[in-house]
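Structure below; questions to follow.
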Amino acid sequence: MLAQQLFNALSLGCVYALFALGFTLIFGVLGVVNLSQGAVFMLGAYAALTAVTRLGAPLWLAIGFAFAFSGLVGLLIDRIVLKPLRARDAPHLIPMIATIGLGLAMNSLVQGWFGAENQRFPSEVLPQDSLQLAGVSVTVLELGIILVSFALMTVLLLALKKTQLGRALRAIAESPKAARLLGINVDGLFMLTSFVAAGLGGVAGVLIGLYSNALFPLMGQPMLHKGIAVIILGGMGDIRGAMFAGLFLGFAEVLSVTYIGSDMRDAVAFGLLFLVLLVRPKGLFGSVQERKV
Amino acid sequence: MDSFDNFWSIYSNLVLSLGVNALLALSIYLTLSCGMLAMANAAFMGIGAYTSSILTMNYGWPFSAALAAGMVAPVLVALVIGRPTLRLSGVYLAMATLAFGEVVRLTVLRAEGLTGGALGLNGIPQLTQWWHVLLSVVVVLFVLARLRRSRIGRAFEAIKEDETAAGLMGIDVNGHKMLAFALGGAIAGLAGVLNAHLTFFIGPQEFGFDRGVEILTMTILGGINSLFGPVIGAVIITLLPELLRSFKDYRAVANGLILVVIVLFMPKGLWNPAWLRRRVGLRGRKGVTP
Amino acid sequence: MSAPLLELNNVSRHFGGLKVLQDVSFTVRPGTISGLIGPNGAGKTTVFNLITGLLPPTTGDILLDGATLLGRKPHAITRAGVARTFQNIRIFKEMTLLENVIVGMHRHLHYGVPGLLMALPGYRAAERRARDRARELLSWMKLDHKADDLADNLSYGAQRRLEIARALATEPRLLLLDEPVAGMNSTEKSELMREIVAIQGRGYTIFMIEHDMRFVMGLCEEISVLNFGKIIAHGGPEQIRSDPQVIEAYLGREDDEVSVSAGGAA
């Protein structure tokens, strides 16, 4: 029974980690807290749903579509809103405020378009079977979520650590000005990062939509709030910290549901956040200095 | 005075809502003037609303006492969560207060017995009079204006520009931030009390993210260079849904987009005395600027 | 020998494995003008950051008038009588010169909430005194004619002088100046030299970090030399000028610095 719960926790934690990764990437590389990430997450889910129901796409293709669609939205946000603000060297709060507005606008647009009621993926699309893995019964769905998340996270981590691209991104995270002087195409990489980060958020949206079998226009909001908690817990801008904190939160939530009761579930993230802030404002893993102007 | 009575019976709610929104915009202005983006004010409004409503509805408290309680409760909460969170800078603070807002919403949902959960509270006595709202706005404007001209207001401005330098001038930065935060919470709570006893129904969805963004939009739209800015922003955002039917349906979308547009194109907001003076050709105290 | 106003005893500051300051000890006597010099990167601004409470020392003690400053918040240290200017100018750009200086008087304006709410006589008198005093301080730095101008509009040299006026507004006993003449031309430097001597004449103690040797030698009665986080010499201008270790520290660095671009942290 416990093993079952742990698997459950793992899949939830993976999605949290995936979402947090997108969020942290943008903060680390672009230096912006992009609070429209919640809306982007939601758009990914709806994009996949549309792909499946209107275009008859298989699930795996729909996920790819969601990645591309959300990524595109993220890219547009960067080009249209964030880039002019960067050019103005606006203080950190300003782009954040703009993304708050964008998030709200997107949420409301989707609500106007699709309606506020819960939607679900059609049951034919959802894998129904379970597998026996080391004596534990695991649904194919959960397994799929875990595998997809891990695959994406691994690719991301490897890219960041081992490739020239990753090194360039880390250089930008340290200092965009210095990176530019080193000949790095900072603007191009900003575009790439916005695309990938939003794409990851969109995929996370699809996975949660599958996991909880419910899509609604405001589904990005609780995710955004938890994402904030995860980021602060993991240390802002710290990629591995975000991952571990996301997994940690998944476990904490599922275990609290098992042992305390399901109504406190959403509050777990904030309880943890509050405790951590009291003791260690830099987060559990982070020792990130804010970029000195 | 027949026409006035007609006008009033149709529009009283709108005018009073305008006053409430002005209070909310001023509450966020206060924290912004100290350099903090605290997205907790919608939650503080909710705390004020629920506290006072429960007291008047269930315990028959007189309005003035409930009003006081509705202002004290958010202050107490602000003092508690302020200590760990105000240490955070800029974006961390904004995010932490956003998260806090979510906590309040969850608490309200959970404490069904007291707050009516997702269904909200219905049948709150309509005790708000027009003069309550007017008096509140006038008093708050007065207090904030006096603060601005005192060492406290200067300290806020110094902290907003450069916290470290401000501290080294002998200013107790944390203390002042807490003051701005708690006082902002009290004002938001006041708005909550007045609003709840005006609309006789409150629900948790009214004090969430949408509301918080709306308040922020009002303040940023109006501009934070003077006290009039937030008030003007409140007037515009309150009246727009009335003037444009299509706006009403897409209210939230419009608020969000307005916020983005203002940030991109008019970052100092609409009411920007220095800009206006330059335009009109007057030499203001800001000196000669090329 | 009067008791020292400021004392650093075996102060060290480590950042992880990096030893920025090692066993730094010196004193500053009241009423004097003293200096701290050393090549770029020696750790000078860190000393100021430690004194003003922005950073805690890893080991050692810092005493003002015999009482330790350790563990106190920056604003408390300012209230105890230590004021400073900054290497990379931190004036309040959106305020006028007058307002900048008045901010420095924050802790000396004794009125409470009732006073400011109702514009009571106590409040009004205090605000008037503040304005008068601010103009006076600005006049010491020859800035009073620009009192109502926006601080952002000032020239670089004028901004540095504004910072000094603002620091004086806190009524310090010890005034820390971090590279007060950086970026000034020689006329401005001579002018500032005179103004600093005048400030000393009014009873303030001044302790400065500076790179301009002529300025330091011309003003300071006592000079400490910092190199790679350690004090290598201490004494009057003549002593320092002829100290072989000091000469080597600067000359040795000179060769290395030719190929490196300018602008390191002090």
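Observations on the structure shown:
Per-chain residue numbering starts at 1, and chain names A, B and C are given in the order in which the chains are listed.
Note that contacts are C-beta pairs under 8 Å (C-beta built on N, C-alpha and C of every residue); 3 or more make two chains touch, one makes a residue touch a chain.
These figures come from a predicted structure and were not determined experimentally.
Of all chains in the assembly, none touches chain B and also chain C.
Set against the Cα centre of chain B, the chain with the most distant centre is C. Among all pairs of chains, A-B has the largest number of C-beta pairs in contact.
With centres taken as mean Cα positions, chain C sits 41 Å from chain B. Chain centres here are Cα means. That of chain A falls 31 Å from that of chain B. Each chain gets a centre from the mean of its Cα atoms; for chain A and chain C, those two points are 47 Å apart. For chain A, the set of residues that touch two or more other chains is empty.
Listed for chain B are no residues, as none touches two or more other chains.
By the touch criterion given at the top, residues 37, 81, 83-85, 87-92, 94-96, 98-100, 102-103, 106-107, 110, 209-210, 213, 216-217, 220, 249-253, 255-260, 263-264, 267 of chain B touch chain A in their complex. Of all residues in chain C, only 52, 54, 73-75, 78-79, 83-84, 86, 90-96, 99, 102-107, 109, 111, 116-117, 119, 123, 127, 148-150, 153, 166, 169-170 touch chain B in the complex they form.
Residues 143, 146-147, 149-152, 154-155, 157-158, 161-162, 164-173, 285-289 of chain B touch chain C in their complex. Of all the residues in chain A, the ones that touch chain B in their complex are 33, 35, 81, 84-85, 88, 90-98, 100-109, 112, 221-222, 225, 228-229, 231-232, 236, 263-264, 266-267, 269-270, 273-274, 277-278, 281, 290.
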